[in-house]
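Right after this note come the structures.
Both of the next two complexes hold subunit A, though its partner changes from subunit B to subunit C.
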Partner chain A sequence: MIEEIRNQARQLLENGEVDVVIGYAEGSDPSRTTPIFVRKAEDVEKLIYDSRCINSLPIYLNKRHEYTRKGWKKSAIIGKGCDIRAIVQLIAENQLKRDEVYILGVPCEGVVSHPDKWDGSLHDGNRASKCTGCDVMTPHETDFFPGEKPEVDRSKPYEVTSPKVANLMELELDKRFAFWRTDFDRCFKCYACREVCPHCSCNVCITDETTPSWIDPAAHKKGIFSWHLTRAMHLVGRCTGCGECTRACPMDIQVDLFNQRMKEVVQESYSYKPGYSLEDKHPLITYKVDDREDFIK
Partner chain B sequence: MKTATLNKSDLGKCIDLLVQADLRVIAPRLQPRLDEDGPDAIDVLTFTEVDSGEGHQVGEGLLPLNGVKEFLFAKHEPLFAYEKRGKKIEIIPVHHEYPQTVIIGVRPCDAASIASLESVFSDANAGFEDPFFTERRSRTTFITYSCTAPDASCFCTSVNLSPDSAKGSDLHLTEIGDGRLHVEVISKAGEAVAKQLQDLLEGEGDQAAREKAGAEVSEKLTRIRDSAPIMDWLMDTANFDDEMWQRLGEKCIGCGACTFACPTCHCFDIVDENKGSKGYRVKFWDSCQFDHFTLHASGHNPRDWQYKRYRNRFNCKFKIYPEKFETPGCVGCGRCIRACPVNLDITEYMAEVAHKAANPSAMKADQDSE
Partner chain C sequence: MGKKIEIHDFEPKIMAFVCKWCTYSGADLAGTSRMDYSPNVRMIRLPCSGRIDPQFMIKAFEQGADGVFVSGCHPGDCHYNEGNYYARRRNTTFRQLLDFNGIDIERIEFSWISAAEAIKWTEVIDAFTDKVRELGRHPQYNDDIVDPYAQFLVQKKQESA
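Let's look at the complex of A and B:
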């Protein structure tokens, strides 16, 4: 599989069709992989793909980051289904044009939930819960795919697959709040959850605004809660569920639990799953006459 | 130096004794976790204030995620309060508590980092002192614990430390087999703590066994780099624009996780948290990896690309710190490697620099041919 991807990447670079191929390479220890920008055809041999390739590479396509300033007019990117959903969502939100990116889709068997859990193979004990019930293991939107793409039914509604979300929802409100109070106590506001998110596209994040200061930048309870709740709300109907925010958190706070719950709410309220359509706008920025109104009291 | 032995199984009792002596005790502990939380759930080990020895993880696990930095250099703290009355602004001092504290189960790298923080926050040469830091520092005792099982990200031996180093320690513990610990009293503060624990301490330690254990653990480290040539190479201003910086650093996404997790990173910001006509001036952690860290009011940013911000971080650790303070900027704990979401690895920079320093002409030719 990876050979076919490498060949295609080589051709794209040799023909000058793309300026760069964004992919994965071996990391600095055996449980990790790392993003790589391949600019020369001879370097395509460095490209790899397996269940350790956790990173959501579309962050490098997000214009908020500086990568487009390197003169990349067109980038090829290796994408597993969930990453391609992020690319599709970026396009739907006008953050990227479809012709600025060449998508090298890979067949995916799921990824490991955390590099520390990698023991040489992928199994039920270390497969990320986001991979359960995934309908884009054969990716939907691609320019190149090694082999035949089977027909996949992607009409099923979004379902939360992390048992922790269900466990939390079962708790009384005050106990749930106590859980977050304890977990957020660890937060030091490094904003890794923001920087790693393919959908955080604001040029100036609301938490960095100083006149006025909407969110206290200090890592006290008020500053932490207002940051995380704002982050979660800004991603409602947009989050494609890569889970990178949780993986990137150096204090191992499962911040994506909010996003998973929000996705469930969006599904229930608007029957909408982000990242499947290049045109559809997400429900919170659109109005339809048959939109639910029963929550307005 | 006074030594003794201690049963490893008595560590919980040690914590109990210290708590009973009205000390604030901070120890590694696992955050509650449910197995039913699924494959995404992971063990979270942090330094936490404890009220008993129950469930402590002293000597277990490797490094708590947070390190000891936040107990000396608070994540946030008010410097003073203010209130505007008419045209006058009144400054109101804020009362801070500095309880007598013992941090137990500190690994050697974290203990060594304290000297680095100290050199910034109480710089006798510059005549500068951060009272918040020094007040806490003077009331904190460190009981350190030699490592037994370094992981793939550890590299303390590459920065002149070792898994059994007692640098920065007050009372140092090393496993010597048979569930016994070799105890070394390093400082006066350590002696005071040893007095609290005297009922549990026995006889004399076993120096030979301690040294043997330390040497065995050192051999387990796999990430070994030569840091000796780094400072000189960085001093050569021509290398400031070396091609390496962009090549290795362009994948950096500027999240700042490395700096916040780092035990020696110390940058902070100060803001006024206003509520109407009054508020607090608050100091809190900042990061040189943020794009607005060096953003000037004019809009100019001298570190305008992310790789330049990482270049600054590397320079801070291996040139600026040792040059200015003669303390190491990096203690090899590996937290930045573990925390990095894109596997940007500081030891890859170290290896690259060592290689370039050893082969200056070859590198030059390489660049010319490109």
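Let's look at the complex of A and C:
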């Protein structure tokens, strides 16, 4: 499978169709892989793909990052299904044009939840929770796919993959608050969850604004709830569920539970699944006259 | 003619974010008509209910508000044609988000109040104030977010006294 991808990448670079191929290469130790930017055709042998490739590459297509300002006209990117969802969402939000990116889709069997849990193979003990119930193991939007692409039914509603969301929803309000309070106690606002998110596109993040300062930047408790609520609110209807925020968190706070819950809410209220359509607008920038308003007095 | 004044142990702080075309004018009408309504509400006038960012509500809670009230024109009456439809969607999801975080969504109220509905305004505000008063101070959130600098000032004042 990877041979075909390499051949295609080599061809693209030799013909000058793309300026760079973004993919994965062997990392610093056997359990890790690292993102790689291949610009010369002879370097394509470095490209790999297997279950250790957990990084979400579409952040390198996000205009917030300097890679996109290097003058590269077209980038090819190796995408597993969940990454392609993020790319599709970026295109739907006009952050990226469809002809600026060449998607090399890979068939995916799931990835590990964390490099530390890699023991040579992928099994139920170390598979990431987002991979259960995944309907894009055969990617949906590709320019190149090794072999035949089977038809997959993707019309099913979004499925919450982390059992913790349902468990939390069963708890009483106070208990739920206590859970988040103990979790957020560890947060020191490093904003790794923001940096790793493919959908945080603002040039100046609201946390970096100083006039007015919406979220207290100091590492004490003030502002931690504000930050996590703000982050989750900005991603309502846009999060494609790559789960990178939780993986990147140095304090193991499960910040993507918020996003999963909100995906569920958006699916219930507006039957919208982010990351599947290049045209559909996300639900908070559009409306219907007969939306639900059962909470309004 | 006025209501009987009652004295309570706890007076909640209520922030109201209101649309200038409908709810603010409605409240204005209530004032000019000499109607009584609960004085706990602090109003902020905004151009449209679509301007009310959830960030304002988060900030209000962080700054010690016990309840937040959001109000705008009835659907179809928006001065900017569609602002309140966006507000409706935003608040639907925001309430669920607060609920998932364990913050009581009884502390947030959303209401459509037009410029002519001064009576509705007084009723809704009175009812909401009573509800928040029963819920009490917003302890869970407030305990966490006490401003360290304010704490320092209070401590200094106590020491010097």
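Quick note on the criterion: the second predicted complex is superposed on the first by the 295 of 297 C-alpha atoms of A that agree within 3 Å, B and C clash if a C-alpha of one lies under 4 Å from a C-alpha of the other, contacts with A are read in each partner's own complex, and residues count from 1 in each chain.
Please note the rule applied: a contact is a pair of C-beta atoms (placed from the backbone, for glycine too) under 8 Å apart; a residue touches a chain by one contact, two chains touch by 3 or more.
This is a predicted model, so every value here is computed, not measured.
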> When the two structures are overlaid on chain A, which partner does A:206 contact: first (subunit B), second (subunit C), both, or neither?
Replying inline: second
> Given the touch rule stated above, what does A:186 touch, subunit B (first), subunit C (second), both, or neither?
Replying inline: first
>> Output check: A:107 vs subunit B and subunit C. Expected answer is one of first, second, both, neither. What do you get?
In response: neither
>> For A:163, using the defined touch cut-off, is the partner it touches subunit B, subunit C, both, or neither? Pick first, second, both or neither.
In response: first
> Which chain, subunit B or subunit C, is in touch with more residues of subunit A?
Replying inline: B
> Taking the superposition as given, does A:173 touch the first partner, subunit B, the second, subunit C, both, or neither?
Replying inline: second
> Is A:270 contacted by the first partner subunit B, the second partner subunit C, both or neither?
Replying inline: second
> Both subunit B and subunit C contact which residues of subunit A?
Replying inline: 218, 220, 223
> Residues of subunit A touching subunit B in their complex?
Replying inline: 27-37, 55, 59-60, 65-67, 69-70, 113-114, 116-117, 124-129, 162-164, 167, 182-183, 186, 188-192, 194-196, 208, 210, 213, 216-220, 223, 243-244, 246-252, 254
> subunit C touches which residues of subunit A in the complex?
Replying inline: 168-169, 173-181, 206, 214, 218, 220-226, 228-230, 232-233, 236-237, 257-258, 261-262, 265-266, 269-270, 283-285, 287-289, 291-293, 295-297
> What does subunit C use to touch subunit A in their complex?
Replying inline: 54-55, 58-59, 62, 75-76, 82, 85-86, 88-105, 109-112, 124, 140-141, 144-148
> Which subunit B residues qualify as touching subunit A in the complex?
Replying inline: 31-32, 34, 36-42, 44, 46, 65-66, 70, 75-76, 152-153, 250-251, 253-257, 259-261, 269, 271, 273-274, 282, 284-285, 287, 290, 292, 304-306, 335, 337-339, 341-345, 347-348
